[in-house]
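By written order: A, B, C and D. Residues from 1 in each chain.
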Amino acid sequence: MYSADTQQLDFAGSPINQALDAKQKVGLYRKMVRIRRFEQAALKYYNAGKMGGFLHLYIGQESVAVGTLSLCGDHDHNITAYRCHAHALSVGMSMNECMAELYGKATGCSKGKGGSMHFFAPDKNYWGGHGIVAGQTPLGLGLAYGLKYKGLEGAALCYLGDGAVNQGAFHESLNLAALFELPVVYVIENNGYSMGTSQKRSSSFKGCLAQRAEGYDMEWDLVNGADLYEVRAKTHIAMERARKQHKPTILEIATYRYYGHSIADANHKKYRTPEEIENYKQNHDPIRLWERRLVDEGVLTDDLIKEIDLEAKQEAAASVEFAESSPAPTVDSIMNDVYWETDNQTDASKVGRHFFTD
Amino acid sequence: MSRTLTYREAIREGLDEELARDENVVILGEEVAQYNGAYKVTEGLWAKWGDKRVVDTPISEAGFIGMGIGASMLGVRPVMELMFWSFHSVAFDQLVNNAACVRYMSGGLINVPIVMRGPANGGNNVGATHCHVPEALFASFPGLKVCAPATPADAKGLIKAAIRDNDPVYIMENVLLYGTSGEVPDPSEGDHVVPLGKADLKREGKDVSIIAHGRSVLQALAAAETLQQEHGISAEVLDLRSIRPLDVDAILATVRKTNRVVLVDESKGFGGVSAMVSHVIQDEAFDYLDAPIKRVTTLDAPATYSPHIEPHQLPNPARIIERVLSMG
Amino acid sequence: MSRTLTYREAIREGLDEELARDENVVILGEEVAQYNGAYKVTEGLWAKWGDKRVVDTPISEAGFIGMGIGASMLGVRPVMELMFWSFHSVAFDQLVNNAACVRYMSGGLINVPIVMRGPANGGNNVGATHCHVPEALFASFPGLKVCAPATPADAKGLIKAAIRDNDPVYIMENVLLYGTSGEVPDPSEGDHVVPLGKADLKREGKDVSIIAHGRSVLQALAAAETLQQEHGISAEVLDLRSIRPLDVDAILATVRKTNRVVLVDESKGFGGVSAMVSHVIQDEAFDYLDAPIKRVTTLDAPATYSPHIEPHQLPNPARIIERVLSMG
Amino acid sequence: MYSADTQQLDFAGSPINQALDAKQKVGLYRKMVRIRRFEQAALKYYNAGKMGGFLHLYIGQESVAVGTLSLCGDHDHNITAYRCHAHALSVGMSMNECMAELYGKATGCSKGKGGSMHFFAPDKNYWGGHGIVAGQTPLGLGLAYGLKYKGLEGAALCYLGDGAVNQGAFHESLNLAALFELPVVYVIENNGYSMGTSQKRSSSFKGCLAQRAEGYDMEWDLVNGADLYEVRAKTHIAMERARKQHKPTILEIATYRYYGHSIADANHKKYRTPEEIENYKQNHDPIRLWERRLVDEGVLTDDLIKEIDLEAKQEAAASVEFAESSPAPTVDSIMNDVYWETDNQTDASKVGRHFFTD
């Protein structure tokens, strides 16, 4: 894992960061703030009993989704696990459709069928939102396969957690990625824990988890997730390697979640010390660090900070209203979206019985 | 004498007693030890029994389940938790080949005394990949045993029988049942063991037999009560408890008595325990049937998330009552 | 005009035609390219279509199948071979969650136009882990489609329909059928596509309906011939061809005609396609049944190896005839 | 992979080899010869149609099973894949029970239920014989777990092929082995091919496959399989590490199979050049090399060589006769060996229906 005493380099000077203008830098800030405010609103109404199932908050990790996805162009695709709200907002999904999905409403991005773990926006190259740990890692490989097959210059970003690295499907994906030379970047969002299990108790490793890439003769790098410049700089290198050379990379980004594994996880102050949590909040919060940086650069002002925050809060509040006032899905709608052919009433859908509810 | 325990506590008590009885019993799974279990079934067991007997594993279901199977060949008796039974999908090979077939392929030289347990149910809004109810799926593999308790007493009794059984036993619990309460015999009265393969008549009746397992039993009982109160229909409720071995005698007995059957099954409509039970009934009690066997199953789509409608996707008292009434 | 092709050649011709029709079709699997396929189904296709269209994968079923699913979301149309369908056990999560549920969980934003194919059968002495017949298992997952052709013409027609279908389709072939021959329409007469969901009456009869799929159809036809010749019993043989979608109309039609049913199914007895078909028949044609629905299934143990007895473990003409005769 | 120009050390001097007396050395020779003769007989009668299913021959690889298993004591256990005849004979199973199993006879080691891929002898600590590629790797881990749980000083040897390393179950096993400090030795029998696929076409790797161990902070070594002394010396180190320190190891043993993947594999002269096969036979055959070595050491004589070979041939021929004249299993026996409880007619077996043949 990235340790505090690793020597800090300044990645502001890397070309991909130098190319950022002030507006774009503020835009990145706004995205992170919006994610946090969105999730805080979600938390509030989850606790008020407005949602079901799980709610896995991303708060504390915002720089990872925002930083990496800020590098994506038309031919770059991405996919992640169940901690998926930030990626959704980063690619441009609206708070309304996301909040409505949490509420299980018909206006949700997945019509209420997916819930917190299953946001999707294929039109924005965002392929979810997946609940089975590491189950998305072969899919991410497939996105890369599709890009290469179609001759497009793009990269697939596939996110996973530090606990997910020990699933077989990920290992199979790594070998295939390297063997077939596929343009995939695996991003391990290492927040130090898989549920209540610390990285040390779940993984045996030498230097870090990403180093397992070496066994597949694959490139890897370690990233300080608290620094948006570093996230962008190193991810850019990996994505260019994918796009230009069709070579995969594992990036391990050190980060932290402030809340429990999910909101049902009331334990999270037992397996982590309050000091550990406080230390991260005080010294590594990615939003505060970026804010300070942009203030130092003269790009952000206190007024703008307040304005952005207020807007984000209002947008989140509006999304709650949207969700509240949206209709629930009908019971009949349960039977839609199972088969493409029946949804589209094709000839094929008219032959034989497709459904078997007694 | 008996006490009221929750379903969760009853399982825990069963585990605790078996940990005490046999030093080869070891509990393995994700978050079962230090975290006390994702659904707190194993709460306190690690503190009581320590690192050797209650073991946290990484997220590697194929790996740790296969490990448990291998260890069981040497006489260890692993009781392994799947945080959700749905995660069987990443360990399927270990579950249906190594656990189910190694005895057979070795001509009987090996046996695999493992227990797999965890929740297998819809209804808590966790979406399509987390709501599989694979009891029929596993019961279709000879070599495996499967049960699905509906009450705390049955949950405790079946887990104890499962741990003592020398074949692999897969127990399907239910998140929505963990908090429900019921009478459980006091340990001072002796070992409370419910044999695998024995159904339980949870309510007597004469007009129609409702046959169910797991949480559907509670739905069936609620429906039976309403049928009696509001429609004067006397419904018998048979709780299968075990899926394999299956108590065919009890099934046939209730059918011969009422001549009408509704099967309640949280499976999707294609297959499920109910399709099998339906076949057995028409095969072995054909002349006793006054009407076709009817089923109430989960609406045949992947599990939806929406809390507003998920309850309607599952078997529920209203759907059961409607089905019974429609039989005329 | 039609030619005689083997089942193997017929599938290959179907693959070849679809490779030509749509540049997004790509064949993936272990040994499918340079080795020409473990069972030579894909023989010559790599030589003809090259590295891009016919691709050898490492032994990583979860990895390459998941990869195919991901690629299909971007419009590639992977046709993936499992060397044996039995190896689904190591890729189960990809097959039943990612392929079957991603459309649903996304509220219909995604579809997964993949085809999985390979042999799924007992009878070639490869033992318990290699003989699974998972058609009912996969058909129980809404979102998936399943078929099991018995003849070369159906094999070709179904694979072509499957490749063009925009949902995941799992085709169960049979090692023991690869070498069998049959008439297949000539390509010059136009595309030979057999729609999913359409059963085929392979033999007309009036006394009893034998309903089967896959190789069991041939067993049923052989039994029907003997029944006619030696017992004067006229058996109708319905080949389901598709398991999901299922041609319920054809099933009910034959039952209404003969009033007696024997289901032949290579599944083990607990569950299987036949348990489902049995339930549907008694539910929807109850009054047409003169006798209980009977089944002939595989003896309910893991597959044995011994060539001396494996044929007896499977449904075979003798067992089918015995079952029909026992119905009186 | 082990290359021909790797500098050859002499492992005869390693303590575990120095401890061998002449009789034991000849015993190892005899074992290898017996394996080869057994399989040649099996091949002959397989081709004559006496057996069904697959026949995966081990010929060319004999030194691996014989060398590694010669190190096993009472508390060492082992398990392998479908290429399992050599391990069976190495642990002391008789040719009779093995040949009868190939014939599918009731007298076979698995009563005709297992066939070529499924030999077992738990009484000899041999746990099979498994057909699903890498499916045995978590089981091998479990044997190690059982040993440690019971406080026994032993090692579990778990064999797999070079193609099997890319299965997820193996990766999960490696992490668990290292994390839990389990006494398992994974032996990759690298014969260069998985069916018709060369190692290069199936695996991406840096130096060798075993090196993937480093990603788990695990020990590994590379072994020239043609040299029985080297196999024994290096395996001994790994087994001692397991027994004494509860630490796992991956050993990659370079070897070669002379025949196709299975006898059904008529292709094997297409994906490998005749020169490659001939070169191995001429220069690396483990039996011939060991023979030469023992002759040089004055331990083997031409007469003894002939005698051993003749005995092995006769034993194999006798096993064929045994198998031929053994009874086939009855159809009724199909229903035995499914459940321990029903086989043993316990009380539990009498409750409920266990079997569902219509």
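Throughout what follows, a residue touches a chain if its C-beta (ideal position, glycine included) is under 8 Å from a C-beta of that chain, and two chains touch if they have at least 3 such contacts.
If you want to know which protein each chain is, UniProt gives these names: A, D = Pyruvate dehydrogenase E1 component subunit alpha; B, C = Pyruvate dehydrogenase E1 component beta subunit.
This one's a predicted model, so the numbers in the text were calculated from it and none came from an experiment.
Chain centres here are means of the Cα atoms, and by that rule the chain farthest away from chain D is A. Counting C-beta pairs in contact across A-B and across A-C shows that the higher total falls to A-C. Averaged C-alpha coordinates put the centre of chain A at 45 Å from the centre of chain D. Our note on geometry: chain C versus chain D, Cα centroid distance of 36 Å, whole angstroms.
With centres set at the average Cα position, the gap from chain A to chain C is 40 Å. Touching two or more other chains at once are residues 110, 112-114, 118, 130, 132, 135, 166-169, 172, 175, 179, 201-203, 337-338, 355-356, 358 of chain D. For chain B, the set of residues touching two or more other chains reads 58, 60, 62-63, 89-90, 93, 97, 104-105, 127-129, 142-143, 244, 268, 270, 274, 276, 283, 294-295, 300-302, 304-305. Chain B meets chain C in the complex at residues 62, 88-90, 92-93, 96-97, 100-101, 104-105, 127-129, 132, 136-137, 139-143, 244, 267-268, 270-272, 274-276, 278-279, 282-284, 286, 289, 291-295, 300-302, 304-305.
The touching residues of chain A, counted against chain B in their complex, run 51-54, 104-105, 110, 112-115, 117-118, 130-135, 163-164, 166-169, 194-197, 201-203, 267, 271, 328-331, 333-335, 337-338, 355-358. By the touch criterion stated above, chain D contacts chain A in their complex at residues 166-172, 175, 178-179, 201-206, 211-218.
Partner chain B is touched in their complex by these residues of chain D: 77, 79, 108-114, 118, 120-122, 127-130, 132, 135-147, 149-150, 168-169, 172-173, 175-176, 179, 336-341, 343-344, 346-348, 351-356, 358.
On the side of chain C, the complex with chain D involves touching residues 30-31, 34-36, 38, 56, 58-60, 62-63, 86-87, 89-90, 124-130, 268-270, 274, 294-302, 304-310, 312-313.
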